[in-house]
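These are the structures in question, set out in turn.
Note that chain A is present in both complexes that follow, paired respectively with chain B and with chain C.
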Partner chain A sequence: MTDVASSEAAVTVTEKTRRFRFDWVPYLFILPHLIFFAIFAGFPLILGLVISFFEYDILRPEANRFVGLKNYSNLFTRGTVEFPVFWNALGNTAEFVLMSVPFLIIIPLFLALLLNTNLTGKNLFRAIYFAPWVLSSAVVGLLGFWIFQSQGGLMNYYLRDLGMMTPRWLSSMPYAWYSILIVTVWWTSGFNMIIILAALQNIPNELYEAASIDGANWWQRFLYVTIPMLRPVLVFIVIITIIASFNLFAQPLFMTGGGPAQSGGGGSTEPIMLRIYNEGFVRNRMGSSAAMSFVVALIMMVVSYFNFRIFRTRE
Partner chain B sequence: MTLQTRSESGFAVWWRRLRMQKVLMYLVLTLIALIVILPLLWMLSTSLKPKSEWFLPQVYWIPRTFTLDNYENILNNPSLPIVRWFMNSLFVSTVFTVLVLIIDSAAGYAYARMEFPGRRFLFGFLLATLFLPGIMFLVPNFLTVSTLGLLNSYAGVIVPGLAGVFGVFFMRQFFESIPRELEEAAYIDGANRVQTFFYVALPLSKPAMATLGIITFLASWNDFLWPLLILKDRALLTLPPGLRTLQGAYTSEYGQMMAGAVITSIPVLILYILLQRYIVESVQTAGLKG
Partner chain C sequence: MFKRSLTFILVVLLAIAMTPALAQDDVIELPEECGTVSLEYWNPFTGPDGPFMGEMVNAFNEASPNISVTMTTQSEYYTQLSTAAASETLPQVAIVHADQIATHVYRNILRPMDDVVAEVGIDSEDFPEAVWNAGEVDGSRYAIPLDIHPMTMFVNMDLLAEAGFEAVPTTAEEFEAVAEALTGDGNFGFMLTSGFPIRQIFEMMLYQFGGTSFDEDGMEATWNSEAGVEAAQWLLDAQAAWSEPNLEVDAELNSFKGGTVAMIWNGIWQTTNVTGDGVFFDGVATAVPQIGPNMAVWAGSHQLTLPAQSSEDACRDTAVGIFINYLLDNSVTWASAGQLPASASVRASEAFAEVLPQADIAAGSADYVFFPPSVPGITDAYGPLDEAIGALMSGNATDVQAELDNAAERANQILEQNRETFGSGS
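== the complex of A and B ==
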């Protein structure tokens, strides 16, 4: 240990004596990344903000003009074209987040607990449960589109066999949301599961032994050992799952097209990502689309911040 | 843990209960495994069925007549050049992965091991962008790509992703975890920092590079939204946006759609089956670090 410390000190001394000359080697190492970062991660923060103050259509550049805060005020003023569709999509997304996150925590937690044993073949099961995650969202969306068809769809075959009702999944509410939810849970549960599983395996066995000696049954051990030890990872999973559910895009695009349509404008399963996509790249109103994405990004950051605060203060 | 369920009622009872518990466990695990796998089998099964069998009143998991018509149909459709899409996907993902590995390992090494003015500030700035929702970058990056004349090109799909900071962060973490002695031995032998990076640090980082490479390749192969925005020319599409075109072209030809989904999934599924343990553990370490 002392060797490492003293040699580290030696290195910093030599580094310090070097500092008198301009040392370009480190910049050579970081420059390739930094150039791309500056153009596609730093600059867009400014460009996006600037564009959001313009009426901006990439196909008709002559019509572009500065409109100040209009793109933002449109989102908060009743009676504009954007107002109902924006809040409808944001509401849909919030609904989906609230619906999906509990399932995407509880099911993976349950699967991870099942697999946290010494059973032979548990690695095979782990691999199977995780498998859907390696597929593209496009594949998942297309597969969901077929499985939930009323004609020939797998779901309704079995529901009919069980004597249950066979809804028109993709074109009626609330079933359109349920089908998107089911497909998403199928697709991403494995990811949360393996992260929870890794954390479970890091809990020292002595804690369980000590709890058993104190007479705790399996439920008490779960409640007073497992859950507290998992807290940091669960906080992390809740935050990334909320963000992932916020980014819902391909499943509704493939499965419902955002529909069924609503009388008040907008689609019943149109998430905010699809709205921003449509606004910017179908309606070609990029200024408005940029404004929407800044508002949504702000909301996402506030939500993440409060998540972090709420879960942390409980510790 | 099961050992602790042992009661006073004797070894035989305990043994029987343990075995019952095990059987029950396997039953539950297998049932869940079936639920997970069946949609994939249904995808494969539909893709191998003739049109007459898509809407039968009964479920046939195994096609009554096997056919490759759906595959032939989409492979021979000149307006849906799926072979070309496959090659596009392969090209884009491979180039992207190689570039990420080169750029991010170099940057990660500098942030881990070198002292230079602005290091803390720059790295802090990189880290801060990890918390920014990706959606903020959609419109401005589209405009930048368009201004650079890269719309409708492979470069337009590949280049913006190189700004990603996850790989830099990941490689920095790795380089910080390796002992300094080896690099110092190289310095004593007269190697400079570039040589030390190439001949000492990089060879040591093979496992980390493999992890980052696999995750990057998977993410790039599966990426849907960005190539959907950038690629308009049908011949240039990658597979995921290609599937969207396929869905639009074959309104209710589910056999063709599923054939397309199978073609898109086969490479990643094969990769997954071959490197299953490795991929799971990669995602675990990346997930926990990220």
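== the complex of A and C ==
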């Protein structure tokens, strides 16, 4: 008994001395980033949380008042102004995530596999597929509008020449989603492709050789060597692609304006980010806008958490 | 068109330079002790109209050596104004749209200008009542109208001539006859979209059929009236008879430019885009026709305002007054940029009569414009109406009355929320 007690005391003493000799050096290394993080991410995050409990307009300090959870409860109460538009936009965004993420993983994976072979001019192709990524979202949105618009837009011009049907890409459903999806895949696939390509080049050749000697065909090598070796990178790609698709904003803004409008209100392609922007900067209801942001952020955190969980348990 | 306007501008500038007495009938001077006053002037004229305003400011600076105005043109304009207000770097003079004035008054961005108006002697009688009233909030004056930009009809005169029409239609019968005659063979008589500015067109028809968008105090949406249903039904019938269905924003402009559409309605700011050198046919801009029993024209208005300042300064206020007065007196130059001068005396002037097609459009529309009531956040309440009209025109909704009722109900909630947010009195 006494032995245990004394040894416990010994541990505390050594721990104390260890804590006493606190090492500042590692913290100094992360300090520059920490300062910027605190100013540009940490502080706004906390301020945003505070604002979400207020009816808040930065230009009317006299009218700012604490409303508790009202901004949040408005989002969950049927019959409020916010309820239908918020959930409509969130539903639209979820729909887009489900639609876009498979394409944004499979197409870049396929392109990366293709460009990892001994293709002539593969560097040129890599550049071509990556090129759209450098464009700004406004440019991509406007390009999308002019390609898909109904009066002489490129898409319908060629479809008509080919004798195919020429839907109203931007003003009818589900074509409005298809056009946004096509533009998004074209715009962002290159980025995912480059990351997967880099990971592919890190897979040791011996693994493929060994698999070949064991008699594995191309498909088996892909399934049992490539995919497991890519898993960490694929987890990363899936998560950032889900987040990127959740942040959909400029493509519908420029291409469909959130439309076509639905009976009873709300746009069919209005994403949640556009709704939050309008609430905060057009209607100037910054408290309500902040509350919406936190609900969305919470949903994204939960989704990301399950992503990590699913991929980790499989390992 | 553009070259012609440019020549005209130069002529006007020359005239101003040579006869300084022209605009100085009852002009007040900046007192000697003020020295030189510098003014910042912001506007949202990022389009082809910007340089015209720049010319006016330069001419003013030439003409008044003791006042120096620096003009800044901003995009994302209202966000810029808000940010500037938060950081107390607002300009001394700023353009604000008529329907945004009340919101900006309540958000402490604008200050009252009754004294300035009185000092410079700007006369309310000189402006159409609706335009003038848009600048008044809770009994104080916050804005002076510079221009009116009405909904305008653009006509392909070549197509009309082929079908034997010599004049642009001005009545419902004439309009329907032209639209009917020119629909078919791949042509469309009158093209309507389901995007901007379809809600504005609906509102115009609503007023023409005797309705209003809101009650007088801006407490309640009233577009779900009988007139509203009539107006929406007229648009749906017009779309079914003379237009392609379910079009996205700007589709009517693009097909009009393609030469297959006889008539479209859009803002006067599209004039250079779809008439003159902008098209290969004889494109004409003219006033919209009267379809319903009352004449009414949807319009926006750029108004000159005084953003809030942290200190009092009589010299600055006098200088601002002189500058605003100058812009009004010379708004015929501004008309060349594609707007109608708000001031009736300028519109009556010989100089303006030569600015075409603006002078023609003004004759048929300036006195019939309407604006929403001056209550803060009124533009928010249009959101549900935008969606309702969009849903009807794109075929996603078919029950006109139910759609307008639903939009009115949601708009009323927004109006109530705004009253809660802004309270009463600024």
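Rule of thumb we're sticking to: the second predicted complex is superposed on the first by the 274 of 315 C-alpha atoms of A that agree within 3 Å, B and C clash if a C-alpha of one lies under 4 Å from a C-alpha of the other, contacts with A are read in each partner's own complex, and residues count from 1 in each chain.
Keep in mind that, in the parts below, a residue touches a chain if its C-beta (ideal position, glycine included) is under 8 Å from a C-beta of that chain, and two chains touch if they have at least 3 such contacts.
This is a predicted model, so every value here is computed, not measured.
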{"item": "First (chain B), second (chain C), both or neither touched by A:Phe29", "value": "first"}
{"item": "Touched partner set for A:Ser172, first chain B, second chain C, both or neither", "value": "second"}
{"item": "Touching partner for A:Leu45 - first (chain B), second (chain C), both, neither", "value": "first"}
{"item": "First (chain B), second (chain C), both or neither touched by A:Val81", "value": "second"}
{"item": "Comparison of chain B and chain C by chain A residues contacted", "value": "B"}
{"item": "Which superposed partner A:Ala261 touches (first chain B, second chain C, both, neither)", "value": "second"}
{"item": "Chain B versus chain C as contact partner of A:Asp214, first or second or both or neither", "value": "neither"}
{"item": "Residues of chain A that lie at the interface with chain B and also at the interface with chain C", "value": "58, 149, 151-152, 281"}
{"item": "Chain A contact footprint on chain C (complex, rising order)", "value": "79, 82, 85-86, 103, 106-109, 193-196, 244, 246-251, 254-255, 258, 377, 380, 384, 386-391, 394, 396-397, 403, 406-407, 410, 413-414, 417, 421-423"}
{"item": "Residues of chain A that touch chain B when the two form their complex", "value": "3-4, 7-8, 11-12, 15, 19, 23, 25-30, 32-34, 36-37, 39-45, 47-48, 51, 58, 111, 114-115, 117, 119, 121-123, 125-139, 142-143, 145-147, 149, 151-152, 154, 157-158, 186, 190-191, 194-195, 197-199, 208, 212, 218, 233, 243, 246-247, 249-250, 253-254, 273, 276-277, 280-281, 286, 289-290, 293-294, 296-297, 300-301, 304"}
{"item": "List of chain B residues in touch with chain A within their complex", "value": "1, 4, 22, 25-26, 28-29, 32-33, 35-40, 42-43, 46, 54-56, 58-59, 102-104, 106-107, 109-111, 114-116, 119, 122, 125-126, 129, 131-144, 146, 159-160, 162-165, 168, 179-181, 184, 192-194, 197, 218, 221-225, 229, 239-241, 243-244, 246-247, 254, 257-258, 260-261, 264-265, 268-269, 271-272, 276-277, 279-280, 283-284, 287-288"}
{"item": "Touching residues (chain side chain A, partner chain C) in the complex", "value": "55, 57-60, 63, 80-81, 84, 149-152, 168, 170-173, 256-257, 259-268, 281-285"}
